[in-house]
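Below you'll find the structures, each written out as structure tokens.
Two complexes, one shared chain (subunit A), two partners (subunit B, subunit C).
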Partner chain A sequence: MTSVTIAPGSADVSAAPRITGSGRGRAWAYVARKAGLLLLTLWAAITLNFILPRLMPGSPADAALAKLAQNGPVSDATKAAIEAQLGVPTGNILEQYVAYLHQVVTLDFGVSYTFYPQSVSELVSTALPYTLVLVGVVTIIAFVLGTLLGVLAAWKRGTWLDTLPTLAGSFASAFPYFWTALLLLFFAGYVGRLFPTSGAYGPTATPAFTIGFLGDAIYHAALPALTILITSLGGWILGMRNTMISTIGDDYVTFAEANGLKPRTVALRYAARNAILPNLTSFGLALGGVVGGSILVERVFGYPGIGYLLFNAVTNQDYPLMQALFLMITVSVLIANFLVDILYGVLDPRTRR
Partner chain B sequence: MSTQSIPPSTRAVRAIEEASIAPAPSPLKVVLRVASTVWSNGKARIGIVILGLFILVAIFAPLLAPYGARQNGFDRSADASAAHWLGTTAAGEDVLSQLIWGSQISIFVGLVAGLLSTVIAVLVGLSWGYVRGFGADVINFIVNLFLVIPGLPLMIVIAAYLSGGGIGMIIVVVVITGWAWGARVLRSQTQSLRSRDFVTAAVFSGERPFRIVFREILPNMTSLIVGNFFGAATAAILAEAGLEYLGLGDTTVVSWGTMLFWAQNSNALLTGQWALLFAPGLCIALLATSLTLINFGVDGISNPRLREGKQR
Partner chain C sequence: MTALLEITDLSVDYGEGAGSTHAVNHVSFTLEHGEFVGLVGESGSGKSTLGFAVTGLSKPPARVVGGSILLDGVDIASLSQADLREQRHGGIAMVLQSGMNALNPVRSIRNHFVDIFRAHGHVARGDWASRAAELVGKVELPASVLDRYPGELSGGMRQRVSIALALSLEPKLMVFDEPTTALDVLVQHAVMDTIIELQKKENFTALLISHDLGIVLESAQRVLVMHEGEIVEDAPSRQILEKPSDDYTKMLLSHYADPRAEVVELPGFEDRHRTPAAAHPPTVSSRTRRQDQKAIVVDHVSKVYPAPRRGEPQVTAVDDVSFTLEPGQSLALVGASGSGKSTLAKLITAVEKPSSGSVRFGDLDVGSLRRGQFRRLHRDVQMVFQDPYAALNPLHTVEYTLTRPVVNFTGLKGLDARRRVLELLDTVGLSPVEEFAAKLPHQLSGGQRQRVVIARALASNPQVIIADEPVSMLDVSLRAGVLALLEDLREQWGVSLLYITHDLLSARVVTDNIMVLNGGRVVEHGNTAEVLRNPSDEYTIRLLDAIPNPGRRDVA
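And then the complex of A and B:
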């Protein structure tokens, strides 16, 4: 990702028709427009998921059926489900598409053959909470912390408060996720024996909403979380620093300074408040990167989330599971982006016009 | 805080105008000016030196590496010694030699994938910035789709279908998922340039749109394009390492990513071979950092406010 900033919301705003009326009506029109865009994007992502296996050389469906047959006879219903998902060379493509859409809407993705006889939906719903909590919590912490450090770096430009976070940040964000993870695992897990080396909870614990289990789960999530934090923090520092430097040069900041306002007030309430907006747009995009990175992190720590499941699906060529996971990841990121867009509209009234 | 004689905004605007509205200079001059601006930035200078070192190592790998990349038969999982500075792998290969040979793959993938993504980004971004109406909306939708779909999962899925495709497959996958960001950045710059006087003049003098976009507008975006190349190359190097670490590339090729794949699969963590874990990742991180650092200097070309030494 380059550190070039795009004017906030430039793409969407200019194309949108000007809606006159009350502020409230305008706000709803904004939400409606974004929701319409979300639906269109969801449809496109779901369709991409349909097209991908059909574009590939060979027949993923045949490979999947052959694998499934190793577990015993394949029922007609399972066969139909797999063909709808992965394609049959001879079938009517339109009928397959309708069947596939039906699958997606009913969340029925067939049976996994790596974890036979568990259904894909069961596997996904077991793994999802772990990733959702891990990635969600860490991303929010990284965003808040990185933004604050970025503000500080830009405000104290040229001092060690600028140089240190900027250099450390750009170095750390060039770390491959899995390498940071391997190092932490090696030093804090194997050598230091400070943290568990794999899993999401201890061998004796059973998942439940008790203080004991939550403590155990946090203890197991510490290293994966730290990895994601280290690798994603730098991007926020740099992004915020760069937009903040541009904002500091603006006339209204000079004016606020000339008025004799306290430096902290000028930095936080004048400059940072405006600089944070373009940064927020990249929040949604960066989320995709963090989700991708978490796949590698989960692989290293054997953390039973979506990423580890995807890794297992890919190494075993479990196409039905893989397709469902890809769809799940994409839809989650799209919805997160939609929520950020709405938040953006709340924070910056100009985008609502 | 010092008082300044020229308001910063005026100075910046003037600098931007000087940088972008000057009549198209000769390509050599552009390259020289870009190079000297980048070099004048301290961070970028460090980046250029690191990158240069890696390129030299990759070129002279046959001379530098003590053993062949896949030459085995040494002690298995040995610790560092005079004969094997970084120890040996579980298959009895020399780690240092693998590290040196592996640099070729990362640099090659970074260069080629970065270049291809940039070419696509330029073609899409510039035409998209110039066309208006329904066509622009359609491209907008497609680019945004590629931007929001998480890259690595998409890469993993495509790579899984094309299993065993090797380096070529990895480059294709990285380019498919990596061009959209650049296209978007270049498009917004094209949009702002197309309303400038020199473009209007070119339109009135009857030039064809293709020539206006690629001969009039393109040279004014050199810095953005260069920056985009380094950004894309960084992403490509990290993505390639990630895919190979997951075992999705050709695992018989010796690269930094496959070294870590084999290290994890042969339980290098348990046998305590820290060099085997540490070295390839550090090289990936250093190479990626060097490109990021160079981009600090490149950013300074397009945005004078980010240049070093000239403070508010």
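And then the complex of A and C:
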């Protein structure tokens, strides 16, 4: 062979991408970038929450006065009283903005119209724990359980382990929330008398961190929790099953089998480990939605969480309460997404670059 | 001594019952200990299906329906899943076709090795690190790759890692399924060299599955030629090369030639003795038809991309390139991946703007076109893409795909447009035209699809066609047809051709002039036959050497 020989391996080794920076340095840069993005979107959301109501014509006081004016002339004293009660913006827009930012930071969202004279922050802080525990815990349980069942269904594709959860899951999630809630309420509540039908705790209990109260609270949360679990589980099963079936077809899974890895390793560390990544995004959105509560479920079960509060705020046109709740929901979605981004960075080395 | 692998009367079907097809049809062959055997066939020949059956990896809808696969006397086909898994240590290992995707993207290379050691327990825990380092050393990689993730490695490095992983099983038989197909030519060559050396040193038996007879003849002692599910020839490499007995083998061989030879002939291409002076004077008809033909003038063009990551230098994809593509001329743009040839195509088609220098087409300054002027350029300069499977919308019929550019660029409507579409199909040799017009892409073969792509490029009646690796995804037997079509277009219609490729043989048969790019710079430029016969640049020589040459083993 009369030719210039190539040192074996030299051609492709030199073509490898240069890897700069230490792994840890890159990881921190990634977190910093995501945190910066979070702060920026937070600021935008808070500012939008300030601008939007100001784009609407009139003010709450105007609306209240117009309603009164239908019943006859309104005296100046009444007008002054209503304006004092509902507040009329003072100062230019910048001063208002600064004052608003100050209020947001100190969590001062004013006084609720509906539950006057209770402050908005008081109402929210009473309702929040119930929703966080009920919807939050159930969302996590549903995600974990649904993902596991999805993994099993995909790995045992075509067997009863696949068809049963897949069919049952899609069947249950096709029901509207409130319909499942009403069915449970009727059969497990009124007919079976297994669980209480309304409220977060019994009439004799007082909220406190005692074993007795917590047991009572869990007992009361059973039906709403079951409703959310039943209706959301199917989505997680199907989502995980479908992404995993596609990763099972990927070359690295075939290669892992060709190398004789244990089926368990192939299923969990190769197929499922990669399949779970896209599902994390939906999980992040679901987590963010937790704070918004589950309006229909909380309404049906008379559960005193954020969803119930939001329902009351909307039906009573309680602007301060609504504004605070909307802001809180937006912020928690953003934070949940940030956390999922960080988790993504931990689980998927490709995103860290 | 008995054979290592003895395959008798093996059949593999796809599907069941009436709709089933025989992918592998009553195949029998043996592999002796320490042999290096090639298995050659075109797409759909059943060679990969056979490879998967041999390694016990057949998955539905593929089913082994008959025959036996004896490895050292044990029938692989009758083993339970658990026993099959056990035998993968010290039995059969496989390196997959797209080795670049054969690694788990979220696991470090080290953990890939650990998974295998743990599954078979053949390496003591304390030796894991040293054994893994030793294995990547065997495929000429530094131990530092162990701490990398697959996404941080180049394609060639990933393929080397999968070879090392397969090797870690201490196999008696290694099946390589198209191990270098997705890699760049130079890398391909280097990886093949590693495989050949490893086979000698480690003394395993190798079965190399490939569509490329050149690669196989260069490395294997014996070759099995597969066609439509059957092995049509089983003979030593030298015999295949010198006295092939089967017509199909002869056909495959006829598509190989040395681009350095004085006379290069491929089926459909008689030798043309291209010389600069006699480079195809346009025929009278094409001259009258094309009086307004314009040249593409690329003048000191550079393209610099910003640094991919902070702290890294910017990337100069094209570095001070100048050339002129005269009307009716054909120019090959040759280079390995990353040499800047595709960027140059983007600059000429105004997809990208040059960082400096200018690209002109007639009086059009391509680099500074405004909205609305693109149409003028794209009417005259059209692209043919590499992947005919991705270049056509699977939901549209051929007629629809072709009607759109006809209506857009020529203004023909209704029956006239339809007549033009059928004419285009006739030009690219897809007849009966009416039948092809009604088809959807999935009903066409790769070669037919590429003809549709070419017809689409012709719809606007262009003066220049830029073909970016138009045949690299096609089977050898289909390549010549598509290349001949491009050549005809030039001779009959005076269309000039910019042919982008890494395949020097095809460049030799379809182009007058050649330009070799390396790292964005022109390293060689001149008459194709002269440059390839007397290359002056070391890079050109390396490219020429990297071409699989059936006769090379013979020479060596």
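Quick note on the criterion: the second predicted complex is superposed on the first by the 275 of 353 C-alpha atoms of A that agree within 3 Å, B and C clash if a C-alpha of one lies under 4 Å from a C-alpha of the other, contacts with A are read in each partner's own complex, and residues count from 1 in each chain.
In this section, contacts are C-beta pairs under 8 Å (C-beta built on N, C-alpha and C of every residue); 3 or more make two chains touch, one makes a residue touch a chain.
Values in this document were obtained by computation on a predicted structure and should not be read as measured data.
Peer 1: Can A:274 be said to touch subunit B (first), subunit C (second), both, or neither?
Peer 2: Only subunit C; A:274 stays clear of subunit B.
Peer 1: Determine, under the contact definition given at the top, whether A:186 touches first (subunit B), second (subunit C), both, or neither.
Peer 2: A:186: touches subunit B, not subunit C.
Peer 1: Which holds for A:265: it touches subunit B only (first), subunit C only (second), both, or neither?
Peer 2: second
Peer 1: Looking at subunit A, does subunit C or subunit B touch more of its residues?
Peer 2: The partner with more contacted residues on subunit A is B.
Peer 1: Between subunit B and subunit C, whom does A:246 touch in the aligned arrangement: first, second, both, or neither?
Peer 2: After superposing on A, A:246 lies in contact with subunit B but is clear of subunit C.
Peer 1: Applying the document's definition of touch, where does A:350 land relative to subunit B and subunit C: first, second, both, or neither?
Peer 2: second
Peer 1: Looking at A:43, would you say it contacts subunit B, subunit C, both, or neither? Reply first, second, both or neither.
Peer 2: The answer is neither, since A:43 touches no partner chain.
Peer 1: Determine, under the contact definition given at the top, whether A:255 touches first (subunit B), second (subunit C), both, or neither.
Peer 2: In the superposition, A:255 contacts subunit C only.
Peer 1: For subunit A, give the residues common to its interface with subunit B and its interface with subunit C.
Peer 2: 1, 3-4, 6, 10-11, 15, 250-251, 254, 257
Peer 1: Tell me, which parts of subunit C touch subunit A in their complex?
Peer 2: Interface residues on the subunit C side: 55, 57, 81, 85-89, 93-94, 96-99, 101-108, 115-116, 118-120, 139-142, 148-149, 151-157, 160, 162, 165-166, 169, 183-184, 186-187, 189-191, 193-194, 197, 309, 311-312, 338, 538, 541-542, 544-546, 552, 555-556.
Peer 1: Taking the complex as given, what residues does subunit B use to touch subunit A?
Peer 2: Checking each residue of subunit B against subunit A gives 1, 7-9, 12, 43, 137, 140-141, 144-145, 147-154, 156-163, 181-182, 184-185, 188, 224, 227-228, 230-231, 234-235, 238, 241-242, 245-248, 260, 263-264, 269-270, 272, 274, 277-278, 280-282, 284-286, 288-289, 291-293, 295-296, 299, 302-303, 305-306, 311-312.
Peer 1: Where on subunit A does subunit B make contact in their complex?
Peer 2: For this pair, the touching residues of subunit A are 1-4, 6-7, 10-11, 15, 40-41, 44-45, 48, 52-53, 56-57, 60, 157-158, 167, 170-171, 173-180, 182-183, 185-186, 189-191, 197, 242, 245-246, 248-251, 254, 257, 284-285, 287-289, 291-293, 295-296, 299-300, 310-311, 314-315, 317, 319, 322-323, 325-326, 329-330, 333-334, 337.
Peer 1: Spell out the residues on subunit A that touch subunit C in their complex, using ranges where they run on.
Peer 2: 1, 3-4, 6, 8-13, 15-21, 250-252, 254-263, 265, 269-270, 273-274, 277, 347-350, 353
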